Amino acid sequence: MEQKLCVCVLGLGEMGKIHAESLRRLGGVELALASKRSKSLQELGVRLYVPEQLRFSSYEEAIASPLVHAVVVATAPSEHTQQIIAASRAGKHIFCEKPLGLSVESAQEALSCLERVQAEREESERKIFMIGFMRRFDPAYVRGKELVESGVLGQPTVLKCTSGDAEYPAKYQRDVGYNSLLLDLAVHDIDLARWLLAAEVHRVHVVCRSLVYPQLAELGDADNAIVTFEMDNGTVASAHFCRAFGYGYNVTSELVCQRGTVFLGELRRAGDAVRVANTAGALSERIAPVFAERFELAFQREMEVFAQAIRAGVLPTGAPGALDGLQATRVAEALVRSWQTGLPQLVL
Amino acid sequence: MEQKLCVCVLGLGEMGKIHAESLRRLGGVELALASKRSKSLQELGVRLYVPEQLRFSSYEEAIASPLVHAVVVATAPSEHTQQIIAASRAGKHIFCEKPLGLSVESAQEALSCLERVQAEREESERKIFMIGFMRRFDPAYVRGKELVESGVLGQPTVLKCTSGDAEYPAKYQRDVGYNSLLLDLAVHDIDLARWLLAAEVHRVHVVCRSLVYPQLAELGDADNAIVTFEMDNGTVASAHFCRAFGYGYNVTSELVCQRGTVFLGELRRAGDAVRVANTAGALSERIAPVFAERFELAFQREMEVFAQAIRAGVLPTGAPGALDGLQATRVAEALVRSWQTGLPQLVL
Amino acid sequence: MEQKLCVCVLGLGEMGKIHAESLRRLGGVELALASKRSKSLQELGVRLYVPEQLRFSSYEEAIASPLVHAVVVATAPSEHTQQIIAASRAGKHIFCEKPLGLSVESAQEALSCLERVQAEREESERKIFMIGFMRRFDPAYVRGKELVESGVLGQPTVLKCTSGDAEYPAKYQRDVGYNSLLLDLAVHDIDLARWLLAAEVHRVHVVCRSLVYPQLAELGDADNAIVTFEMDNGTVASAHFCRAFGYGYNVTSELVCQRGTVFLGELRRAGDAVRVANTAGALSERIAPVFAERFELAFQREMEVFAQAIRAGVLPTGAPGALDGLQATRVAEALVRSWQTGLPQLVL
Amino acid sequence: MEQKLCVCVLGLGEMGKIHAESLRRLGGVELALASKRSKSLQELGVRLYVPEQLRFSSYEEAIASPLVHAVVVATAPSEHTQQIIAASRAGKHIFCEKPLGLSVESAQEALSCLERVQAEREESERKIFMIGFMRRFDPAYVRGKELVESGVLGQPTVLKCTSGDAEYPAKYQRDVGYNSLLLDLAVHDIDLARWLLAAEVHRVHVVCRSLVYPQLAELGDADNAIVTFEMDNGTVASAHFCRAFGYGYNVTSELVCQRGTVFLGELRRAGDAVRVANTAGALSERIAPVFAERFELAFQREMEVFAQAIRAGVLPTGAPGALDGLQATRVAEALVRSWQTGLPQLVL
């Protein structure tokens, strides 16, 4: 039997826990955990049957450990760039949650380091780098991409996206001056537009509003945004971002093609095949409340792809890499400029 | 321009009003009304712009009037047989609400009279007779029949029907010993089975229950029934009849064919294209509360077909005639025997 | 009985025929027709049972006739302004298809004339004017408006609209320099945004593309547009206009409110309650191919509201009047400027 | 950390593979495999990372091994009874695919042995026995059961079930005289009726047909059956079993309660949130082709419940045990008698 692949999750917050659970279910993978919070480390370690020697109390230690073959970077965004650089130099395969860095500059720095280290290595020694745009692994989006590539619907022309939460996530309330709607949520749809329309974003226009949480305007954030993306192949994408849907989590898209349209995702809970008819005369279905439930399968599949890529020695076509992370950050920065100026902005 | 066709509705209860409204919307039709209740006659006459000379205070008078070309029999079921006979002898075209009569005998009597009078007439003088199985004109059921006849789905094998009201209709509470569930509701699905499976019912089995309204057992009625119909071409139909859905009116069917299945009708309001997502995390649609709303288009189309048939001089293929009324009554009586004996019963 | 109301349809093209059919079904309404094409007049007159004396071979004659109480203006858009003025002076009630005029100037001229004539009349002699934004009468949009006004969903924040045809309508191919996408299709969604968000449009941004019909770029038209509307109460609307859906006609909207969202309209045929499961393993429903089918009920209801308004002497709340027509034209002109400049534009 | 639980799957056919995959994904479980077919054993062992010492080439060996704590019996139905007896005597926890035995007698023998062995043990030494009615773990059915128990819908009155395959499974073609439709497929719905209506089946009636595969009549099997179940608490269930849906796999139910109805399961692929609108004017979704896909989550959850029950020392409420297996077989035998006699039959 093949040697087990040891993958260490760095950071055991919301995303780190999701990735650890996904890795635990994979055959042939040995899960390791790293966290500065000893209680989280202990609890998750026990629950997921992680042996003591694979529980690390510092990220540096985990990155340095010869037992660890790969890392999943799920720490605070401000730490991503330096951890990518460190893990890359230590010869680890890397899966990094978005973003690559907090700015185009730091994202560029991470990308440059990855390229340099790869170039120094023998081909057989090259390492995998993958970024966490998990929507590319959601069954609905996978199917949309397949349909486009099959040609049966003709060329795609317009992509329309909706992305949003039931309510404004508490974690952003401390980040004064950080437009989380554009920098944190919109990046997923920027990536979808680039991937599904097979083009780069050329120019953007955005209108932001704070209609449900007026205080967000002062924070420099917003609860609703309407965005137009002009792609460099002539196609167009439109997106609505929202932090106040009230009813639950909603990520859905409509990809209009020359000979048909595909509707991707839906509001109701994935896999919830229950409809209730009640005495008020209504027939109702339940809505997925949060992203973790909506993208459960995508997160699982993402880790499978990462592990398979390590075994195969190459990232499969369509899996998002470092350049995808950099481009998303570039477009997000153009969105911020459009928001500040009220005018369409070229992506620089 | 063609002469207007004068159609008189006999009886202005729930069904009479529906037919009068439908006739009023037809081009080239002059509506007449007959009712023993002067207030109903007056009110509806004014609302539907019916001139005084076309408002009749007795059914006999209406049937005898030379102004009237056709009648719509929407009186009490106990009067149907005699009115069919009278109108037939008076040379009127007839549309009759189901049933033809309260028993197989009276239905047979109506049919015999119709046949005798037709036989005595010149071919060009023959009159139209149509019975009120309006489901045959509902867009969903029309489409199901078309699909079967197109052959694209192969031969039909099994039909499954659901029919029922939100609650037990008050009007039946006085009819002691009358199993309205089998004699009044089931006849529609008996007709559907005969029409969609293109066969006669050979044997039936029924289980009746009074689970929501226990008092119905004493009345000789029931609030739920599960029926199996064995057709004489080997196909089978199953039906659930209910007087206690609570949520609204539900008439839906599933027609299983050799190379596919067609699902006919649905719970939500016909044409109600509104879904609401609320803070409880549910996505809901509204349900049609009553049959009048569910079959609004079918009732309209039914009168159109009747008027067109009169002009064309012949009932179109698939429109239900007197024999269809008789057969439905025969099967309903077999259902009553199965209910009384607990055993499968042949249709006699 | 009340006197019958005589309504004359001016112009028997696609829209005129739809309105004539709707009027024919109304109780208490006498239909009249006016067309310069004698063949259309004859055919439709016979089919809809219109007496000879109510068939007019010139619009002027119809407008002048004392037999006619009201007109439905369904002629070419270039004639609307002058016919509104003529009919208004002749003391007729007027229903006019959009637009009021080909430019803000001519729409303003029509509105001014209507106001002047009304002001000169006694209150009891005032006439009804209504414009053809039929979506306000579609059951789905009516329900959306009711939900907003009921307050159950809280304040509306964002409206997202999709409007489009299966293919580019042939009739526009001769109108060089006319952006039919913005001037003819978008006006309906402009009206929806004003009505559902209860606000005026303040600023617009549009991106137009000719992706399926490249020749449209030269004609000055487009097959796809993504529009952002900033409303003067802070809310936002986004719309996608398309002339190349391929699959059919699609008018759907999503109205996001503070405590819930309502999804209005849907792709499948209104009232088509048939789903087919076939051997390819797909469950399919049919899509409404054209606007006439999608909005059949709205067109019928629109004429009912017009006739009722005439009888009541007042246009009901929410029914679209001349000012709504003018405002839609104003916003459409701002869209054209945004398309020409590539920049957001204020509505002047 | 807790000791890992070693679970050995006996038989690596279709069901054995499904259970092995599910067990492999569980934390704290060590998977073992037993098969007489060395190739299957080798292939699956490698693919699922099962160490050599946990691969057994005989069922007896696996049952006897001190390394194995629990077995999953997924062998041929004819072997179930004896393997249950052997594993029970060897002190293993047992999960057994349905049926317990090929007849009521053998199912009774298995149950008696299990009870005898349990009775001989100390309470703390008692072993878990669970049977494979996986629908009880499907999210839709779990939710239906919760709704009933919550009381929000009132008492359940009628259950309607549909169960069937796209085509007749090849594996049954050799079993002459075996009515697989009633003995193999219907047992799942028998269990659903008992579980959801919280009652035992009192009397049954069935009509069987061979309409798509006429040769099945000679085999003593059928491709369609319509069944009525009268429950001992007065409620009723109806079911349609089919081996020839053509379009895919369909397991759906409708549970009618006094104050509402819940629709469980649906035709489209679980979790497939993709709808395609094409140039033929149809909007389509995909259907789950086979049971393994439809019940993927239920199978996974079933193994989780089994493993948790072993750790907890007790089967949770609602998980199906040996008595549920015996009762299903009893009812299935009554169905066979009803099919043979054409009459309703009491469950003996």
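Letters A, B, C and D mark the chains in the order given here, with residues in each chain numbered from 1 onward.
Here, contacts are C-beta pairs under 8 Å (C-beta built on N, C-alpha and C of every residue); 3 or more make two chains touch, one makes a residue touch a chain.
The structure displayed is predicted, hence computed values, not measured ones.
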Of the pairs given as C-D, A-C or B-C, which one copies A-B, with over half of its contacts the same by residue number? C-D
Looking at C-alpha means, what's the farthest chain from subunit A? B
Distance-wise, how many Å sit between the C-alpha centres of subunit B and subunit D, to the nearest whole number? 43
Between subunit A and subunit D, centroid-to-centroid distance (C-alpha), Å: 38
Shared interface positions of subunit B, touching two or more other chains: 245-247, 259-261, 277-279
How would one label the connectivity among the chains shown: line, ring, star, complete, or other? complete
Subunit D contacts subunit B in the complex at 154-155, 157-158, 160, 162, 205, 207, 209, 211-212, 224, 226, 228, 230, 234-236, 238, 240, 242, 244-247, 254, 256-261, 342-344
Within their complex, subunit C touches subunit D through residues 166, 245-248, 267-268, 277-287, 289
Contacting residues of subunit B [partner subunit C, same complex]: 1-2, 4, 24-25, 27-28, 46-49, 51, 139-140, 143-144, 147, 153, 259-266, 270-279, 297
